[in-house]
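Chain nomenclature is as follows: A, B, C, D and E, assigned in order of appearance, with residue numbering initiated at 1 for each chain independently.
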Amino acid sequence: DAIGACLITKTDTNPFFVKMREGATAAAAEKGITLQTYAGRIDGDVENQIAAVESCIAAGVSGILITPSDSRALAPAVTQARAAGILVIALDTPFEPADTASATFATDNFRAGVLIGEWAAATLGDAAASARIATLDLNASQISVDYLRNQGFMTGFGIDVKDPTRIGDEDDGRIVGSDVTNGNEEGGRTAMENLLQVDPAINVVYTINEPAAAGAYEALRAMGRQNEVLIVSVDGGCPGVRNVAEGVIGATSMQFPLRMASMGIEAIAAFAADGTEPANAEGLDFFNTGVTLVTDKPVDGIPSITSDEALGLCWG
Amino acid sequence: MTTTPPPPPRPGPVSGRGPSDFETGLAASPQGVARFEAPRRTPLAGIQHLLHATPTLVPVIVLALSILVFGLIAGERFFSPFNLSLILQQVSIIGILAAAQSLIVLTAGIDLSVAAIMVLMSVVSGKLAITMGVPAPLALGASFALGTLAGMLNGLMVARLKLPPFIVTLGTWNIFFALNLWFSGAQSIRSQDIDAAAPLLKFFGNSFRVAGANITFGSILMVVIFAVLWYVLNRTAWGRHVYAIGDDKAAAELAGIRTDRVLVQVYALAGFICAIGAWAAIGRVGSISPQSFYEGNLQSITAVVIGGISLFGGRGSIMGALFGALIVGVFQSGLRLAGVDVLWQVFAIGWLIIIAVAIDQWIRKVSA
Amino acid sequence: MTTTPPPPPRPGPVSGRGPSDFETGLAASPQGVARFEAPRRTPLAGIQHLLHATPTLVPVIVLALSILVFGLIAGERFFSPFNLSLILQQVSIIGILAAAQSLIVLTAGIDLSVAAIMVLMSVVSGKLAITMGVPAPLALGASFALGTLAGMLNGLMVARLKLPPFIVTLGTWNIFFALNLWFSGAQSIRSQDIDAAAPLLKFFGNSFRVAGANITFGSILMVVIFAVLWYVLNRTAWGRHVYAIGDDKAAAELAGIRTDRVLVQVYALAGFICAIGAWAAIGRVGSISPQSFYEGNLQSITAVVIGGISLFGGRGSIMGALFGALIVGVFQSGLRLAGVDVLWQVFAIGWLIIIAVAIDQWIRKVSA
Amino acid sequence: MNREPILKARGLVKRYGRVTALDDCDFDLMPGEILAVIGDNGAGKSSLIKALSGAIAIDEGEITLDGQPVSFASPLAARDAGIETVYQTLALSPALSIVENMFMGREWRRPGLAGRWFRALDRDRMRAFARDKLSELGLMTIQNIDQPVETLSGGQRQGVAVARAAAFGSRVVILDEPTAALGVKESRRVLELILDVKSRGIPIILISHNMPHVFEVADRIHVHRLGRRLCVIDPREHSMSDAVAYMTGAKAPH
Amino acid sequence: MNREPILKARGLVKRYGRVTALDDCDFDLMPGEILAVIGDNGAGKSSLIKALSGAIAIDEGEITLDGQPVSFASPLAARDAGIETVYQTLALSPALSIVENMFMGREWRRPGLAGRWFRALDRDRMRAFARDKLSELGLMTIQNIDQPVETLSGGQRQGVAVARAAAFGSRVVILDEPTAALGVKESRRVLELILDVKSRGIPIILISHNMPHVFEVADRIHVHRLGRRLCVIDPREHSMSDAVAYMTGAKAPH
């Protein structure tokens, strides 16, 4: 009998997850594993993911790869799956607590934020002390990716973040404000316009992802300020990397969905073969699949790759 | 046949008391009702007629058919008692929301805020019981009361201010959603924390096994809610008033029904059911997530509509909504097991909605 | 006054040809219409009356008031020509969708799929022009044709199959959403790629400056669409037929209007406007994003409703929808500039919807 | 005629925006009589009986029932006081059955636990009663007492509405144009129903535009004009043409 | 009476599910006459005229207009052929103005570019025409020709509907119970309108339950019973009681 595996992503509207699915499908084909894929309809669609986990249990698979829509809400379903003897690996987004899953293969989102924050501060040099910063976040719900990236950026930039799970409680005068983008271009543009109305002198813009960054850039360009503002982002999608090459985005932290997926499939294959469970990286409660800073204006002390190099590694 | 000539009309100003002269001929008129031979029917029209006589049959047949079809496609995995009970479990929350929605749709309203009320109430009971340490029964009681109040707020605006339900609940959807995020701080409450502080909140997550099927208390709750509502709607005066209001509000008012009061009660009851749904949702999801069920409003409407309850009010059985929810569940489960992409699942549900209602319309086209 | 006695009735079976005897008194009856002195009015009732006579004034006043209030709260930043033109720019897409939505709401329908059609069409033109290398005008033409077709699909199901518009468009929303994901592969098309391959697609993103204001072509497009639709609805026979259908479809049918054909045309036109909106959206967003405007359907309904167009059809001016969209834009911008959380923005919009419609209802309560 | 009116109204005023539907209107209904109300379209007849039956709230004026001042907040209140009304629009729920419509708002519950605690309807008893009443009033052509009202003909619907009023009206029965859309045969049936109700000692208010009908059954005729009572005439002492002349304003009553 | 009928129907059948509304029904309308159609409620009178005016599709049978077989797919088609109908439900759009209702579906466009290219309505010309027609028909009490129809009284609405039919009907005018809800004065006005239309040489089909009205204006009376034409009688040769007896089935026509 063939080994069965499941991949459950947050949505299939986001190229990140589309890529993850491609990686998993390719790896599964290579290992002779039958893969079923599921996704929520929109981000935060907890109930569909629970239903998917249940279907996987019912289908008797050996392992489940899942990017939880809600890192807490999915815990019970996953616990149930593990009780049924299934290897559950969280991809991209860790559970809370992380040991809910057998293992976590994820980007260190906080680290991703720190990298771009440090890069922005170093690029500005002395001007960092008088920077005017805008943050373009995901949505009103402030889910973990959202605050981890944001607070990581601020930490990297040298801002006191107060509650590290809370966006907007900072009192650093350099912060102009934050607005939500829903992670797409339209939201990015509108949010940028709004914040420019609050303070037209904004010169550093953090964005939750590259589509939001592209939207922000359009807003800046419409006001003729695109060359005076530093935009940083997280993701590493190919359109984003190309935007780094073209100077739209100053720097972005690249993550590796393909790697997450293929590693996940390999882990399931190993588990199915002899029951070995993957181990987390030392000192972390998850297996870091790595983040890499992508910029064409490297600064000393922060390792980075150029957009050219990144184009070979990017996803989507 | 001979006719008696009519009596001569009485003269001038003082009018006659008695039938007009021309009505004398009436006496001999036949008293029966007209009868025509029934026209021959094509087999299709015959089926149409049968279903027209018992409209609740339609969703049942659709359900049976879809179970059959998916059974053939997806094989025995689909047919297993376990999977079937799983479907029941999976639709239980949307089913409960659909029960609340049905009540409102029967009054010719629509409620875009049911899921928002439910999520808000699960957050309320969770916050109270776990974060603030209120005893679980009290926390649940508070959430029931607030849910009823939230529904009542909708109802008051619909009944007293005469605002269209669509608009009222579009507004309160936004309001409840904002309150939910504010109150929860957008943070889920973890399963372990619930277990530790207030396991009662997860009561409906318990289950038992019968012949391979895994029946959760939540599934049973859903069925019970539908059964009770069916009784209330069909066997009590209040229930008939709900139908009468949906049928023709002005007429119901003139017939002596306190329509405004009943409307407020309907919305309040719907809010209460949503609060019960919130309790069940905690059991189902295992934790309390302020972000879940964002699409629950529209999903509940979908179930109601597929179940053959008219959006114009007053027509349809609440049991239809149960079958409607199950049909959607069977579709989703079947498509999933058949390995169909979410994308095409969404696509299929879109057509399902249209086709189900088109069939319903076709059946209703026959006059009795 | 003396009365002539009525002529004696003619005898027996042969009936009289002429008025009945009792009607002779009619001749002297007054021919004027009854008149009552107008009751004294409280100032409030006076205002209510004035607004009732010119209902389009209401959203204008609300708009003016909210600009004023936010001007006071948020100061001159809000009041600057630049910010006001920015609001215009930000509402332009939802405004165009609201124009399409208005058409449908005027026929007593509702369209949950407008935004889905728009996003799908922006993806279609982008894919064709950029990925497949079709010349830009052709790609746009194709998207217009397909948009019209998508609208027509809705219209055919509403008019021919007599399905409720809510259900049809709930179904097609799902369908178009799925098609959009499938066709785009969930991938955005970058601004720079559009600039390189088909800058025409971003035509409506161009702008010019007048007295500090930054007017985009997209904003102008929105205003032009509303102006044209206003003309069509109020000054052509077709437009009056649209109103007549929304008012009373059966009556319009009997009065000799081809209601089904007009309905299909209305939905097709709405689809066409959505496709134009798709072009404008590319200019506005800069790139082509299959994930934008997920909430556009409900936002367009919100604008229509705040603009005072009745969801029951046949009543309201399309200009109301323009003001409705602007009111929402002003609110969002004002709250933003006043530093209010997104959360409370959602909350405020919720109340805005309810209050705007409640005011509208209050004004309409007076009889003419 | 020096008995006290069973239903009396003084100085009723009802305004709809600019229109004054009732303009300081008086009204008297004597026990056991059939009182016809006639008047032009828009004279305010329906408004008057809606005021009497609690369907609209009056702006000014007072109503007394059997000498007691009453103020009905809703049609239900008037009904509880024994006033049954057949409105111009009939007030039937098309999708509900004949029985359900007859008992709408005054349903009978089952005796004992089922009724008290579970509020179960006593459907059999209601059905039997409804059939009795329909038969009593000669509406034998209705075969299925559970059929939805929307499947009945216009005449049958009128019949059901009148039967409902006749069955439950204990003090006053009000009929607003009960024969407007009916054929000759069907109208005749309704007039018979009216006389039947009267024979049970219940007074009736009948609004109609049909002068021959009015003069046939009415004991007194209330002529309504421009929102007020112009005069009350005795059909045995006035001709139809007088009545028509009064109500249209062609002639002033003496 | 040996001229050819202007409107003729043979063997019309129309079924609604189990109900047969028209059951092999014949019909003849002679030029210039007023033909009354009488019958019980539910006899199929409205169905008959709906079939003639294209408002419903018949299952069987044929209709000829001026000797030419016609088959109207919609009320518009019948109207284009010169048949104007006032339906029982009036078919007016409440929120639209009197002018708009009168011209609904046959609006006049402005001459020249504005009309040809921009399809602009010629509102002034329509307004003037509508005012003329209303005045011609004695409906002087309507003050504002742009007021919405919903602000008119029932009688005024009937007047607008009849005026519309009278103004545009070039071959046949059909009226379905035009006086059902009207008062004595208002009914009289409508009857005058009908005679006025007839005096212009246009034949009229009048459905009514009011026997005195029917016998007053009709040239011939079509008695409808159980979905078919029972007989056609001459009101000068038959009494009202004969007509009533025929239509209710109390007596068979000779």
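Everything below uses one rule, namely that a contact is a pair of C-beta atoms (placed from the backbone, for glycine too) under 8 Å apart; a residue touches a chain by one contact, two chains touch by 3 or more.
Which chain is which protein? Per UniProt: B, C = ABC transporter permease; D, E = ATP-binding cassette domain-containing protein.
Values in this document were obtained by computation on a predicted structure and should not be read as measured data.
The chains in contact with subunit B (ABC transporter permease) as well as with subunit E are C, D. The interface with the greater count of contacting C-beta pairs, when B-D is set against C-D, is B-D.
Separation between the centroids of subunit B (ABC transporter permease) and subunit C (ABC transporter permease), computed from CA atoms only, is 30 Å.
Put simply, the C-alpha centre of subunit C (ABC transporter permease) and that of subunit E have 37 angstrom between them. Centre-to-centre separation between subunit A and subunit E, using Cα means, comes to 72 Å.
Centre to centre, using the average C-alpha position, subunit A and subunit B (ABC transporter permease) are separated by 40 Å.
Looking at subunit A, one finds that residues 12, 42, 140 touch two or more other chains. Taken residue by residue, subunit E touches two or more other chains at 42, 184-185, 211, 239-242, 244, 248, whereas all remaining positions touch fewer. In subunit B (ABC transporter permease), the residues that touch at least two other chains are 6, 12-13, 15, 20, 22-23, 26, 29, 178, 181, 343, 346, 367-368. Applying the touch criterion to all chain pairs gives A-B, A-C, B-C, B-D, B-E, C-D, C-E, D-E. The touching residues of subunit E, when paired with subunit B (ABC transporter permease) in their complex, are 15-20, 23, 42, 211, 226-227, 239-245, 248-252.
Of all residues in subunit D, those touching subunit E in their complex are 39-43, 153-155, 177, 180-187, 209, 211, 244, 247-248. On the subunit C (ABC transporter permease) side of its complex with subunit B (ABC transporter permease), the touching residues are 5-6, 8-9, 11-13, 15, 22, 110, 157, 161-164, 166-168, 170-175, 177-179, 181-182, 298, 301-302, 305, 311-312, 343-344, 346-347, 349-354, 357-358, 361. Partner subunit C (ABC transporter permease) is touched in their complex by these residues of subunit A: 12-15, 18, 42, 139-140, 168, 177, 179-180, 182-187, 189-190, 193-194, 197-198, 211, 214-215, 217-218, 221-223, 239, 242-243, 246, 248, 316. On subunit C (ABC transporter permease), the positions that touch subunit A within their shared complex are 77, 83, 86, 89-90, 93, 181, 185-188, 190-192, 205, 207, 214, 216, 281, 284-287, 289-294, 333, 336-337, 339, 341-343, 346.
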